[in-house]
Amino acid sequence: MDSMILTLILLAPLAGAILVALLPDRSKLPAWLALISTLVTFGLALHLPAHYDAAHPGFQFVVNKPWIENPAIFYHVGVDGLSLWLVVLVGLLGPIGVLASWKAIQRREKVYYSLFLVQQTAMLGVFISLDLMVYYGFWELSLVPMAILIAMYGRKNGPAAATKFFLFTFIPSAPLLVAILYLYSRTGSFQFPDLRTDIAVGAVPAGALFWVALAFLFAFAVKVPVFPLHGWLADTFSEAPVAMAMVVAGKLGLYSMLRFHVGLFPVQAHNIAPLLIALGVIGILYGACLALVQRDYWRFLAFAAMSHLGLITVGVYGFTLTGWTGATYQILNNELIDAALFVLLGALEIRYATSQIAAYGGLANRVPRLATLFVIVSLAMIGLPMLNGFIGEFLILSSTFTISHSWAIAATVGVILSAAYMLWMIQRVFYGTESKLAAESPATDLRLSEQLVLWPIAVLLLIMGVAPNLWLRTIETAPKPIVLQQARSADQPAVTSVPMEVQR
Amino acid sequence: MNESLHLWLIPLLPFIGFLLNGLLGRRLPKAVVSAIALLAPLGSFLVVLLASRAALPHSESYGNWITVGPLNIDLTFVLDQLSLIMLLVITGVGFLIHIYSVGYMHDDEGYWRYFAYLNLFLFFMTTLVLAGNALLMFVGWEGVGLASYLLIGFWFQKKSASDAGKKAFIVNRIGDFGFLIGLFLLLANFGTLSFSDLAQKIAANPTMTGGVLTAIALCLFIGATGKSAQLPLYVWLPDAMEGPTPVSALIHAATMVTAGVYMVARTHFIFDRSPLALSVVAIIGAATALFAATIGLVQTDIKRVLAYSTVSQLGYMFLGCGVAAYSAAIFHLMTHAFFKALLFLAAGSVIHAMGGEQDMRKMGGLRTKTPITFWTMTMAVLAISGFPFMSAFFSKDAILAAAFASGSLGKLLWFVGLVTAGLTAFYMFRLWYLTFFGETRSHDAHSHESPWSMLGPLAILAVLSVGGGWIGAGRFGAFLSPVLGTKTEELTGSLEYIMMALAVAAGALGWFLAHRMYHQRSAAAQLAAPAPAGYNLLQNKYYVDEFYNLIVVKPLLTLSKYFLEWVVDFAILGGLAWLLAGIASLSGAILQRWQSGNIRSYAAWLALGAAVLLYFVLAPHVFGAASLHLGMAGH
Amino acid sequence: MHLILFIIFAALCLTGAVNLLFQKQPINSALSLIVVMTSLAVLYLLLGAEFLAAAQVIVYAGAIMVLFTFVVMLLNAGREERTLGSSAYRTVGFPAVAAILAVIATGFMKLQGFGDAGIQDHITSTADLSTVLFTRLLLPFEVTSVLILVAILGSVALARKGDAEGREPR
Amino acid sequence: MHLSPEVPLVWYLLLSAVLFCLGVVGFLIKRNLITVFMSIELMLNAVNLSFVTFAHQWHDVKGQIFVFFVMVVAAAEAAVGLAIIIAVFRARATLAVDRIDLMKL
């Protein structure tokens, strides 16, 4: 079972996609199939944390079989503390995405759900692949359904947004591929563990390694997105179907940064870290400022997300155990929170058919449950203690503080601003006097299916805030060896959050 | 150690109350909602009472909260003398205010929601007080901010209310920013956030003063100014009066806003090592006390007067902290909780009687219509004005005496405190006269006394306001000394009596002026005549809100909108993207000509491609020195 | 003897190919192509590939070219029109062809160890060929039959009269 | 034994190269869809000739097998290709390749 489980996780949504594609497009049949398929995936994914052995860090549930002889591509999959919960997260977001699409997608369901499931497969593949070529395949595959669905279901400017998304995400993939092939030409392997040791012992010339690392970073930074590369985000958020938009930003890029940029090129990544920290902090403040002035709530959400992703970037490039653990944890938090916000805003859009914030107002009496959940999720987003966002923010910020006081303080300003824009948003939508739209619309409160999605997330946000050690214990196992290794090597002084000695 | 005191019950009971009412309250009858809501603080209060007999300090740990590498944050509750007093005040006064709310909020459709929030507040507040480390305290700290936000914006359909809630949360967040930085500094320098460990580490290092500790202390104090509404972050508290009056009594007078004082007292071992930070605390405290008192002089909204009074009294407490008289500050905190809660509740009763009217200019003559409210309010007014042997007489005096005893700066601060005492008496009696004396100025004539559920708590608090001072007079410092240390400088007997006399005299002077201006002449805006400019300045609260709006909010929004969004995002980044897209589509337009659709031209290019490929494959053999050996030439 | 035969049929081949290019009527081009193919069959024979020579005559010169001529007649293809779609064939195509020819020809000239062909050396019998075809390459051989079947179905479907949606003709 | 001088195999190869290039030229200059198709067949035949030549040189039957498969594929291709030509002619009523340019962007 343990050796098969990752393959099964990968196959479950794929089988669902094929089934949806083959069976007729009859009333809600694709949706039900997709729901079952994603639930099965989620159930299988839960096997991983249940059987993960935190005492023995490193990759587990590994399968490593030759696939193509020349070039030597292996079907090499496995998870460690870093990817373990991300796989579970993708599994969880699957059924949520299907339920979020239930009412929103009314035409061409077959195409929609099969592409949705392909996207699921691709994301799972990205997280579990340990062969760079296989990883690259999944990485590219994760972009395709997205671009198609944006074009098909865009609200106003679908094709334009799809083109933008396509250009922003595919172009950086080209240097990534070249870099991967270059590594192969030097080391003769696509496999992550081999490459890590080969690069560590200097099998690749340092001058070339700089460019290779940069190519990796560029591809990932666009996908996160890191500050000046965020051009696609707002358009994608406002055009993509809800269930697709909620998975597009953040985790793929950030995970790849942690695994393949920091993991493969620690020296290069450490050298470029100050730049990334600076860009991350700029992203935090920039996103927050822009979120303050958006009129459309999808764009608002895009910039809010960008702000929070900036914080995680800072955590990734802080090169501390606490920061890495916090960053990984914050990826989970962020995705959950964003997913919930997408579902909630999507629910608003279905009811009121507009995403202009100004049209709303005073909804709290009309849709009290929606308002309550929105407030809870927003509070998690702005890092209220007892909810999950706080844990990640605290870990990242406190570790950043040990590296640079000024950047940490600037990042903490983002904490204030996030409260400002989220609460202002809540106020404009839910509080105050009822707007014309709210008064005239016959909209009803959350349906049972929506509540079934949202309450568990809300409870999860609380549990993740109260008992983060359930997660941190396993997440911590991934960066720990790297930190220890850094501490051993003399020329690379380890930057951990071991407290500095009191000076006076 | 010894047997468990079940401290976890103290926050947990209100939390259960919150969950029950919050999730089910909508469908429950009001009686059940009130029963749940009342039992929670009562249960907590009883647990605290039981715990108070145990040996102190007592700490209980419930495992680890966050563990990453070297960082380890425990879930630890600590009960010592300081937290015991706070808990008694919070749960005791909290319980009384819950009872009061049953009457006050009886007709509100959000009844269940109100009590859920109130219980949530108690949960966070008790967590804040019991917390054994700074991060857990921060949980409560932010949590009470949340409860405050929810309760201020309780009538969320009123724009002013939801505005005020938002403002409170955001301003508090600015303070929390300082708190967080303080936490990071602590963590970076000491590697722990546990109060007992920190105290030990600092005690083990007697030469460590100033420097880092000053930075930490100042950062923590920024947090305190946010939560406790001190200069320059006090602006949210007056607006917070948009919330229901019992909320103002509980959160914005008696308990939450004193969290800053509690936090400074809790971390006094850091402040003690930094004279600079202490001076800052004292100066800010004294300045706030005077500043807010002057604004309070001219406010016409009964709750706003009390709000500015709260800000001012909190200033007193920080003044006490700033001269290292922590026990005096805590003492004042306690008495203030009694009389200010009473003032707010009585004001609430007045508002209730007036059918929701809060403008004092429209009140008057309520003395006969609401006698119990009148008498309890009178007790509170006397107490806050420092009438001899009432509660604030002792506590305020303790602070002023400590200030006077602490150096030359202390003398100045003492004088500011004395002036403030006079101003306090003046605006309190102004309120008293305008509300209860003279002719009724309301069109709504059928004012009535409040129900007993509201008057009962008033009576109990009145007793405490009058006699609360005797609880602590003389003994308080000794009781708290295990936590806060002993204050060495004591005033000599005669000087202390002179101080008392001066303070009482200042109060009496304030009363006298108020009596002259508002009772004998019974006109509303007497101060306006002699100094209209000054009056306007005070009436508009020194234009601080406008000032903040002008230098912070507006520039931020303008910057975001016009510079960041239009210039950076649209023009520069968008322009770059368009430039790239332009290059792409231009090259596309050029290359498109190749795609003529003409098969023969495709074939021509294909042939060219084949020729080039062939050349590259064969070139080394054809044009190089070596001749061509095909693979099987050896056959 | 071999040389004479080679020269005759190589010349026929080239003449046919060039004629194919210069004829304006498709039917004439088709007939020239038949000449080319038949001459090629002779050349195969010279190279000892007797089965292929036969197959060349039957399949190419016979079946395929008959198909061509039928289509020419069916569509009544007349003289070529003088259309001008693009000049790329002249500016790019001809130099490219010249380059291809030059590169390949130079490559062939430089081949070493290449022998000569006599009229009777190394005749591959049909038996030799079929031994390989029906043993080692049995599967590909059978698959080609599937290919041909698919091609038949495809050409029937394509050439059938019907409208764009593929509905039956009325 | 040898009645006449033997032919160097390279000549065959050169012949095939020339035929192939003539085929390419045909593709380039012919304007009738059917003759263009014939040029393709010419190229195929040219390649076949070189296969056979190599098979002869190395006494390897594989080259001839290859030619056999090329013939099979060519037959299939001719059938489908001519069917396509018929379909195109029905749709466009012309066989001029320059008029069949719907693939233009």
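Residue numbering begins at 1 within each chain, and the chains themselves are lettered A, B, C and D in the order written.
We take it that a residue touches a chain if its C-beta (ideal position, glycine included) is under 8 Å from a C-beta of that chain, and two chains touch if they have at least 3 such contacts.
The model shown is predicted, which means the values in this text are computed figures rather than measured ones.
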Common touching chains of subunit C and subunit A: B
Taking each chain's C-alpha mean as its centre, the one farthest from subunit A: C
Interchain centroid distance [CA atoms averaged], subunit C/subunit D, Å: 4
Computed distance of Cα centres, subunit B from subunit A, in Å: 34
Subunit B and subunit C, separation of their C-alpha mean positions in angstrom: 91
Distance from the mean Cα position of subunit D to that of subunit B, given in whole angstrom: 88
Residues within subunit D bordering two or more other chains: 24, 28-29, 31, 59, 97-98, 101
Two or more partner chains touched - positions in subunit B: 596, 598, 600, 603-604, 607
Shared-contact residues (touching 2 or more other chains) in subunit C: 85-86, 89, 93, 97, 100, 104, 111
Contact graph of the chains (line, ring, star, complete, other): other
Contacting chain pairs - touch in the sense defined above: A-B, B-C, B-D, C-D
Residues of subunit D touching subunit B in the complex: 24, 27-29, 31, 36, 58-60, 97-98, 100-105
Complex contact set, residues of subunit C against subunit D: 1-4, 6, 10, 13-14, 17-18, 20-21, 26, 29-30, 33, 36-37, 40, 43-44, 46-49, 51-52, 55-56, 59-60, 63-64, 67-68, 71-72, 74-75, 77, 80-86, 89, 93-94, 97, 100-101, 104-105, 108-109, 111, 114-119, 122, 124, 128-129, 132-133, 137, 140, 144, 147-148, 150-152, 154-159, 161
List of subunit D residues in touch with subunit C within their complex: 2-15, 17-26, 28-32, 34-35, 37-39, 41-42, 45, 48-49, 52-53, 55-57, 59, 61-62, 64-65, 67-69, 71-80, 82-87, 89-90, 95-99, 101
Complex interface listing, subunit C residues touching subunit B: 85-86, 88-89, 91-93, 95-97, 99-100, 103-104, 106-107, 110-113
Of all residues in subunit A, those that touch subunit B in their complex: 164, 167-168, 228, 230-231, 286, 289-290, 292-293, 321-322, 325-326, 362, 364-365, 379, 384-386, 390-391, 394-395, 397-398, 401-402, 408-409, 412-413, 415-416, 419-420, 423-424, 427, 430-434, 466-469, 472-473, 476, 480, 483, 496-500, 502-504
